[in-house]
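Given below, in the form of structure tokens, are the structures.
In the two complexes that follow, chain A is the common piece, with chain B as its partner first and chain C second.
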Partner chain A sequence: MSLAEGVRRGNVRATAKLITLIENHPESAVEDLRALHPHTGNAHIVGITGSPGVGKSTLTDALAKRWRKDGARVGIIAVDPNSPFSGGALLGDRVRMQELATDPGVFIRSMGARGRLGGLARATHNAIRVLDAGGKDVILVETVGVGQSELDIVQTADTVVVGLVPGMGDDIQSIKAGILEVADVFVINKADRPDARRLMMELQTMLDLDPEKGSAWQPPIERTVATTGEGVDMLMAAIRHHWEHLTRSGELEQRRRDRYEAELQAVVEDYWRTRFFEYWQREGHWEQMVEQLLRKETDPFSAARRLLTPFLDSESRRVGL
Partner chain B sequence: MSLAEGVRRGNVRATAKLITLIENHPESAVEDLRALHPHTGNAHIVGITGSPGVGKSTLTDALAKRWRKDGARVGIIAVDPNSPFSGGALLGDRVRMQELATDPGVFIRSMGARGRLGGLARATHNAIRVLDAGGKDVILVETVGVGQSELDIVQTADTVVVGLVPGMGDDIQSIKAGILEVADVFVINKADRPDARRLMMELQTMLDLDPEKGSAWQPPIERTVATTGEGVDMLMAAIRHHWEHLTRSGELEQRRRDRYEAELQAVVEDYWRTRFFEYWQREGHWEQMVEQLLRKETDPFSAARRLLTPFLDSESRRVGL
Partner chain C sequence: MAEQPIRVLIAKPGLDGHDRGAKVLARALRDAGMEVIYTGLRQTPEQIAATATQEDVHVVGLSCLSGAHLELFPRVVQLLREHGAGDILVLGGGTIPSEDISVLKEHGVAEVFTPGASTQEVVEFVKRSVNL
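Now for the complex of A and B:
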């Protein structure tokens, strides 16, 4: 039985193994991913992001638990670009809520950068593909921080939840860069803190000033105390409401079209980069060309042409993808 | 007369025009850059970086003036990735020292990002190539900030000068990330401020803790008051001392080899990206493939193969570089 077949049958081991393959040897996972692709597109992918200290993991777990109550099958992918750790059903830094870890209807996975820059967003995307094809109804993708790589990851979601927490000082200022545009739902966690109300008003003011205010979807601001579960019902309702909006308005299709386009571009560039540099390492002409550049016997453009011509010629006979 | 010929003859207009071409239509500058390449490799390229407020421009101008006193021909490239402004002999935000602006032995140029991500480092690299081939003895490349793109730019230099200023609080902490490894010479500017001594000691302690401490070159720490010119003689001497070290130790050749390798890779990837996406936009199959992905009639890997095969086939007949 192939890993793809195992995934389709809901086999946890096959699912974990395929995701590990995606992380470590992506080129070996192509056949399985190819087989799974037609079975994707049913899950609601929810990205959860925000600064450290917001309580993203607690929020994610509380949401997962809430969805489980309705009988939904849930996948959780916790992404930390700063962590070299990956794999397993438990995170490197802390143990997931006991209830979730032992619930067969929940699949939990952490993913770290493992030193490979740029590859994490694609690996996450393919891990989502696996869980989607495996029959998960909801996939919660939790990312640490609000940097560019996290933005790339969170944008593979249908619904992006941005978490905030009162008393982080200039947080409302720093959130302006990038996050405002991608947020579909805001949640103020630890909303029992005294300055939660002020944060909510500040955020609302910021949203009212947003030039895109007139658009069809207005990001709601929910309030939770994730540790007690307060407000989680409302948060889930808001996320579902956004999903209904996406499907009804046709925006879901547009988002998926954009995502496929970005993915196709990434696959093509990856292919190119890997094959070309492998080819020239094998042939040993790369070093030679650099030497010639140093001796001014050639220039970078002529050198590139001399490397490209035989490669394209040999490659055109068979695309190894 | 081609622009390259004009540059070789020291024509200021031709030089400015070619750099503008590099910024706006890099593909049209290839022939001139190709012609100039054999005449490069003589200039000492000095990168000057540091946080805002360090006084980089004043330092750069003071160094330029000092080099001019020795009769050296000087080029200044001021790079600001955050600025959309480019061009001219004067910077967008302030007027360069009058003496320099009217001195025919100095060429000053500012370069901004103009919204094109990633291209700035290559454009800067090619602008350096132009000034080098045009006979400049020293090229000072001043960059704003200490982000990744600035690091990429500053690393095209033979000698990297990192500027610091007393009284910036946690500056010594924030400088640890990335900058420490690339600095060949440190300069504490505004060294007449009371806490200059403490900063110097802190920095020295940090350098003593550096695991690479045993290497052949120990970055010196110079002190300047660039506005009055104090310490600039010593700073220039340190930069020249580093240059002698580079040439004597063979490290100059190694740095240039690394730079050529990175450039060759960038040229090849640029070529690929531009040609491939142009090809598919022309043929119109890109959109079609995205539609098929949406309808699950294909998967991203098969789609990529179907796009790559005819492209490689057509391209192998003639590499248009």
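Now for the complex of A and C:
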């Protein structure tokens, strides 16, 4: 039985093994991913992002439990940074998700970002594909606590939830950093803290000033105390409401079209880059070309052309590549 | 080719609330380049086995200071086998009397580290045992 078949049958071991393969040897996972692709597109992919300390793991745990109450099958991918020095990582998000561990309707995977910036790992996207094809109804993707550059999640999730907390001192700072455009739903967690009202008002003011105000979807601001579960019902309702908006307005298809376009571009680039560098490193001309550049015997543009020549057949020369 | 980090689950089964040793070890394994999943205190064997399977770890490190290791460690090994994940290496640590060590090994625990063992010994053992 292939890993893909195991995934389709809901086999936990096969699902976990395929995600490992995607992380370590993505080129060897292509056959399985190909087989799974037609079975994807049913899950609602929800990104949970925000600065360190806003309670992303606790929110993810609370949302997963809430969805389970309705019988939905839930996948969770929690991404943490790796140390740039040792390459190792301490993946601690499961500390807040202990009760979900033995629920057969939940699959949780901790993932090291492995040097990738932007809040997700390289493997996250295809791991989502695996969980989606495995029949998960909702996939919660918890990003690295990056705070200011949650770019990856926009390209990955259908609904992006941005978490904030009162009294962190960086409230206005993070609002400046472009999260207005990123968020589909805001959540002020730890809302029992004294400054919650003020943060809510500041955020509302920023949203009112947003030039996109008046567009079809206005990101709501929810308030939660995720440790007690307070406000989680409302948060989930807001996320579901956004999903309804996406499907009804046709925006879901547009988002997914954009996502596939970006993915296709990335796969093509990756394919060429790998082949190109393998070839020239094998041939040994790479260093030589750099040497020539240094001595001004050639320029980067001519050098690039010469290096590319073996990859262009007569047909591609005809169309001017 | 991408490098392949060793993945380790550090888990605390049982009811004792002392996780300082587990945390120190988790950090040492991380500093040795491994991806370490830490799950917190008071885990049941069922939670540990399910977590190890989902996370597809190479090694599970169990720390127990409550004296219930003879119950808990073999149970984790057994559950992993039931999950089809019997190839995951199970290590034990904590206040474990020497006469219990052979019993644990008979039940599939690969190695037992007692107080006084250095984190470096554990790191070396894991690296040696996991052939990537």
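What we mean here is this: the second predicted complex is superposed on the first by the 276 of 321 C-alpha atoms of A that agree within 3 Å, B and C clash if a C-alpha of one lies under 4 Å from a C-alpha of the other, contacts with A are read in each partner's own complex, and residues count from 1 in each chain.
As a convention for this text, a contact is a pair of C-beta atoms (placed from the backbone, for glycine too) under 8 Å apart; a residue touches a chain by one contact, two chains touch by 3 or more.
As the structure is a computational prediction, the values presented were derived from the model and not from experiment.
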Partner chain in contact with A:276 - chain B first, chain C second, else both or neither: first
Contacts of A:67 with chain B and chain C, given as first, second, both or neither: neither
Touched partner set for A:102, first chain B, second chain C, both or neither: second
Chain B versus chain C as contact partner of A:243, first or second or both or neither: neither
Touched partner set for A:112, first chain B, second chain C, both or neither: second
Contacts of A:41 with chain B and chain C, given as first, second, both or neither: first
Chain B versus chain C as contact partner of A:25, first or second or both or neither: second
First (chain B), second (chain C), both or neither touched by A:12: second
Touching residues on chain C, where the partner in the complex is chain A: 1-5, 7, 26-27, 29-40, 43-44, 46-47, 50-51, 53-56, 83-85
Interface residues, chain A side, partner chain C - complex: 12-13, 15-17, 19-20, 23-26, 82-83, 86-92, 94-95, 98, 101-102, 107-110, 112, 114
Chain A-touching residues of chain B, taken from the complex the two chains share: 30, 33-34, 37-38, 40-41, 253, 256-257, 260-261, 263-265, 267-269, 271-273, 276-277, 286, 289-291, 293-294, 296, 299-305, 307-309, 312-313, 315-316, 319, 321
